[in-house]
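What follows are several structures.
In the two complexes below, chain A is the common chain; its partner is chain B in one and chain C in the other.
Presenting the complex of A and B:
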């Protein structure tokens, strides 16, 4: 019964979304306040209905109601409650429900926080959100309905794919979707502005917090997914350039560009057309990602069993929205007036450089991801474009950006002083180079290029600190005044510094782990010891255990340094009984930010076992940096929390104004 | 420099960055793209030894031999032709005889021996690498057992 209510709620949601797609737009045309007001109510109603529908599916999973086909296919009564919960979106149908839920969630937030928006802009934006709601509700109901019942009712479920039976599934998809789908808001605002034909700095001020929030979640989602793949798959890698990873990286790159160009638009009214275009492109890439993952044109961890009608349907949605958006853009964009002028060397100029590099490197990822698909469709030839391609192109293209980042915040708006910025940064650059060299020699060895990579990472961190240092005026004023000025800086200044420093930390982690990582593949027998990363790893033997829905062969390892045992760990191979599917559970021991990563291979005939042992120095910095970037996002968001949707700048205390002028 | 010249310089700079990126992408495609072959294609393909390719097919029944240390050798078959493959490392969890597999690596000088540095067998018990599945269907060797779903 509950499941039927959920099903019905989804149908109702489709009806509400249909109404909400049309009436507010007409209202905005006719300047009818009542019809425009409907968009707000509609957005709330839509969210409540979809939430109801989603919760009924959650209930079916928690109650292990195997008469629901979707539950039977993806759950098992022996699974712990938390996995039964996350299993809701561990399959195609459920993940589309999550997509729709988050879409309507963002619409409701826009309705809630957008009280000060111009009525027509808000009505149009919410209507655009509803168009997407219609498309995806239809998609779910017609091709991917999770509420279909089975008869006769099976006694037991088929279990969830064991790879997904992990807390990672509870965290990674919701975060990722909050990011992916969050960009729908800037998309809707862009379309609404094009429909309205009005675009000014205030528009950028409304859009930026949404973009920032989506970007922050997407950063978190990608980092979480990367760490999950790292510890769960047992291959010790943290990024595989898998098409699905690329699908999430592309909106991130475009979103990062958007974040920066919207800043120019907000402060200087320049780059208007470009910013609107980027809003469209960013969300189009989110849609493209959804298509790549959901249509089954790619094979990866993320493609569940698929049927072709779904692919065609999503391709239809994709073409409709992306094609429509670009057509509208081509038609309306020439009407928009270009804004403020600026010299090439200026804050704006540096942000243009940022946008150029980010979009071009995004393009390289896009080409590498789509080329095999296009080639196969056209010629039937099958090729694989893998890590070597992306490392070469994306890696090289990003280098100038890493060097340029610290300069940006030090340049003034309109006309900047590059020499002045250089003078302020040479200490940071020198320190970075020294730090890189010290790090390199302490680890003795590796390619010389690594010194430069490490120096680039340190430069980003020190550059971010230097920015704060000069803003506070340390060195020119007394320490106490400097401190006072530092604490008086707007939060967005700290957000910028954290974002840039976080990038630097991630770069450091990537360079360090690629350069200094060691890998041993050895055949070990009980009692044998292997050296890795300055530790002695001793294999103590195997034991067999049982989990709720799997059997497990565990190997015990004790780790000692200079003869003293410092840690021990279990590394195991599991066999999930319902699906007869084996998985590897790596044994991971953390020392500071470095990790020892032990995964088991096949047993040998002589009683030994093949063991793979990695020493991964500073590997945690990769995700630590992402955490710092996220923190930057949240700090910036908290700065403008009160301004979200506020069209007029409120009068500010003089002190804060002075700090902003110094920006 | 006048404003116009400055603007031209900026545009030229941007364009040359994009051009450099395009050249880099084309160069990288030439360098690092691996073509996919089934065992039967190898004889016709006229590969120079040392070219990096992907070789896909089924792991031939009874062909998996574990050698010294962690080196494993097996044969990849498409039903007619078999290619011997050697691989050092840990095989994926789902590597099994009779199952689909994609290996990536190079042929040794002057011999049919394929040395793989990557072996892919993906994350689902019914999983068949897409390239392999497509080709097996073409050749009429497709025997995927449909799960007994009501």
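Presenting the complex of A and C:
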């Protein structure tokens, strides 16, 4: 019964979304306040209905109601409650429900926080959100309905894919979708602005927090997914340039560009048309990502949950929204007036460079990801584009960006002084180079270019600090005044510094682990010891255990340094009974930001077992940097200027001007 | 020089080979083994999804790893090994496709996009000042200006 209520709620949600797609737009055209106001109520109603529907599905999973086909296919009564919960979105139907839920959640937030938006902009934006709601509700109801019942009712479920039976599944998809779908808000605002034909700095001010929030969540989602793959897949890699990973990286790159161009637009009224285009592109890439993952057109590590027949439907949605948005853009964008001027060497100029590099790398990843697909469709030839290709092209594109990042915040708006910025950064650059060299000689080994990589990472961190240092005026004023000035800086300044420093920390982690990682592949028998990363790893033997829905072979390892035991760990191989599927659970021991990663291989005929031991120095910096970037996002979001929203007096003269121009 | 730099960068940025190599496959000569690992990281495991043979523990990947090592021991250069593997498995086996007429767009894309982007930027930057800075006032604007100026005068009087 509860499941049927959920099903019904979803159908109702479709109906509400349909109404909300049309009436507010008409209201905005006719300047009818009542019809425009409907969008707000509709957004709340839509969210409540979808939430109800989603919760009924959660209930079916928690109650292990195997009469529901979706539950039977993806759950097992022996799974722990947390995995039964996360199993809701560990499959195609459920993850589309999560998509829709987050879409309506963001609509409701826009309705709630958008009180000081111009009525027509808000009505149009919420209507655009509803268009997407209609498309995805229809998609779920017609092709991916999770509420279908089975008869006769099976006694036991078929279990969830074992790789997904991890706390990572509980966190990674919701975060990733909050990011992906969060960009729908900037998309809707862009479409609404194009419909309205009005675009000003205030628009950028409204859009930027939403973009920032989505970007922060996407950063978290990608980092989380990367760490999950690192510890779960058992071979210690943290980025595979898998098409599905690329699908999440592309909106991140475009979103990062958007974040920066919206800044230019808000502060200087320049890059307006470009910002609108980027809003459209960013969300289009999110939709493309959904299509790539959900349709199964790409074979990849992630394609656990695929069904090609649905691809056509999503492709339809994709073409409708992306095609429609670009058509609207081509039609209306020429009407928008170009804004403020700036010299090539200026804050704006540096942000344009940022946008150029980010967009080009996004385009390169896009082409690399889709190329094999397109080539095979056109010529029937199969080629692979894998990690070696992306490492080379993407890596080369990132180098100039990493060097340029610290300069941006130090340049003045409108007309900057590169020499001055250089002078202020030479301390940071010198320190970075020294730090890179010291780090390198301490480690003593690896390719020489690693020094440059490390220096680039340190440069980002020190550059971010230098920015704060000069803003506070340390060195010119007394320490107490400097401190007062520092604490008085807007939070967005700290957000910028944290974001850039976080990027630097991630670069440090990537370069360090790539360069200084060591690997041992050995056959070990009980009592044997292997040296790795300055530690002695002793294999103490195996034991067999049983989990709720799996059997497990565990190996115990003692880790000692200079003859003193410092840690111990279990590394194991599991066999999930329902699906007869093996997984590895690596034994990971953390020392500071470095890790010892122990993974079990095949047993040998002589009673030993193949053991792979990696020493991964500073590997945690990769995700630690992402955490710092996220912190930057949140700190920036808490900036008063973003929270308060644009004051009305700023928006009104523009409106009046637009009205006059229309006459 | 640039080629060497490219190569070094490529080596630097390639995630260290890890994984599924078993102790019984490892060559006794570390230099040859290092070459084998490098080549393996660029070869696709044909039955896996987006994994190199170096990462995969599939049976077929193991066969290919052993094949690569056999060729290296026989004295093949890296290029000869790659050519041999491609002749048996086709271009699909290469994770980094070779430059050819078919992959020209792929390899050219990053540079082309950058040049196009830069070109568009320069065109816009050159056009902008003349539009915003030097365009004379239109008749309506002049009239509007006159009206405002005159109104100020009447206000004063």
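FYI, the second predicted complex is superposed on the first by the 635 of 663 C-alpha atoms of A that agree within 3 Å, B and C clash if a C-alpha of one lies under 4 Å from a C-alpha of the other, contacts with A are read in each partner's own complex, and residues count from 1 in each chain.
To be clear about the criterion, a residue touches a chain if its C-beta (ideal position, glycine included) is under 8 Å from a C-beta of that chain, and two chains touch if they have at least 3 such contacts.
Predicted model only: the values in this text are computed from it and were never measured.
Peer 1: For A:590 in the superposed arrangement: first (chain B), second (chain C), both or neither?
Peer 2: In the superposition, A:590 touches no partner, neither chain B nor chain C.
Peer 1: For A:531, using the defined touch cut-off, is the partner it touches chain B, chain C, both, or neither? Pick first, second, both or neither.
Peer 2: A:531: touches no partner chain.
Peer 1: For A:379, decide between first (touching chain B), second (touching chain C), both and neither.
Peer 2: Second partner only.
Peer 1: Looking at A:392 after the superposition, I want to know if it touches chain B, chain C, both of them or none. Which is it: first, second, both, neither?
Peer 2: A:392 contacts both chain B and chain C.
Peer 1: Going by the contact rule set out at the top, does A:344 touch chain B (first), chain C (second), both, or neither?
Peer 2: After superposition on chain A, A:344 lies in contact with both partners, chain B and chain C.
Peer 1: Going by the contact rule set out at the top, does A:360 touch chain B (first), chain C (second), both, or neither?
Peer 2: both
Peer 1: Which holds for A:161: it touches chain B only (first), chain C only (second), both, or neither?
Peer 2: first
Peer 1: Thinking of the overlay built on chain A, is A:581 touched by chain B (first), by chain C (second), by both, or by neither?
Peer 2: first
Peer 1: Which partner does A:243 reach: the first (chain B), the second (chain C), both, or neither?
Peer 2: second
Peer 1: Which chain A residues contact chain B in one complex and chain C in the other?
Peer 2: The overlap between the chain B and chain C interfaces on chain A comprises residues 299-301, 344, 356-357, 360-361, 363-364, 367-368, 371, 381-386, 388-389, 392-393, 396-397, 521-523, 601-602, 610, 612.
Peer 1: Can you list the residues on chain A that touch chain B in the complex?
Peer 2: Of all residues in chain A, those touching chain B are 73, 150, 152, 154, 161, 163, 234, 299-301, 343-344, 349, 356-357, 360-361, 363-364, 367-368, 371, 381-386, 388-389, 392-393, 396-397, 521-523, 573, 579-584, 599, 601-602, 604-605, 610, 612.
Peer 1: Would you pull the chain A residues touching chain C in the complex into a rising list?
Peer 2: 235-243, 299-301, 303, 338, 341, 344, 352, 356-357, 359-361, 363-364, 367-368, 371, 375, 379, 381-389, 391-393, 395-397, 447-450, 453, 511, 513-515, 517, 519, 521-523, 601-602, 610, 612, 614
Peer 1: Would you mind writing out the residues of chain C in touch with chain A in their complex?
Peer 2: Chain C residues touching chain A: 6, 8-23, 26, 41-42, 44, 49-52, 55, 57, 90-97, 102-103, 105-106, 109-110, 113-114, 117-118, 121, 125, 128-129, 131-133.
Peer 1: So in the complex, which bits of chain B are touching chain A?
Peer 2: 6, 9-10, 14, 17-18, 21, 24-25, 27-29, 31-36, 54, 66, 69-70, 88-91, 93-94, 104, 122-125, 127, 129-131, 149-150
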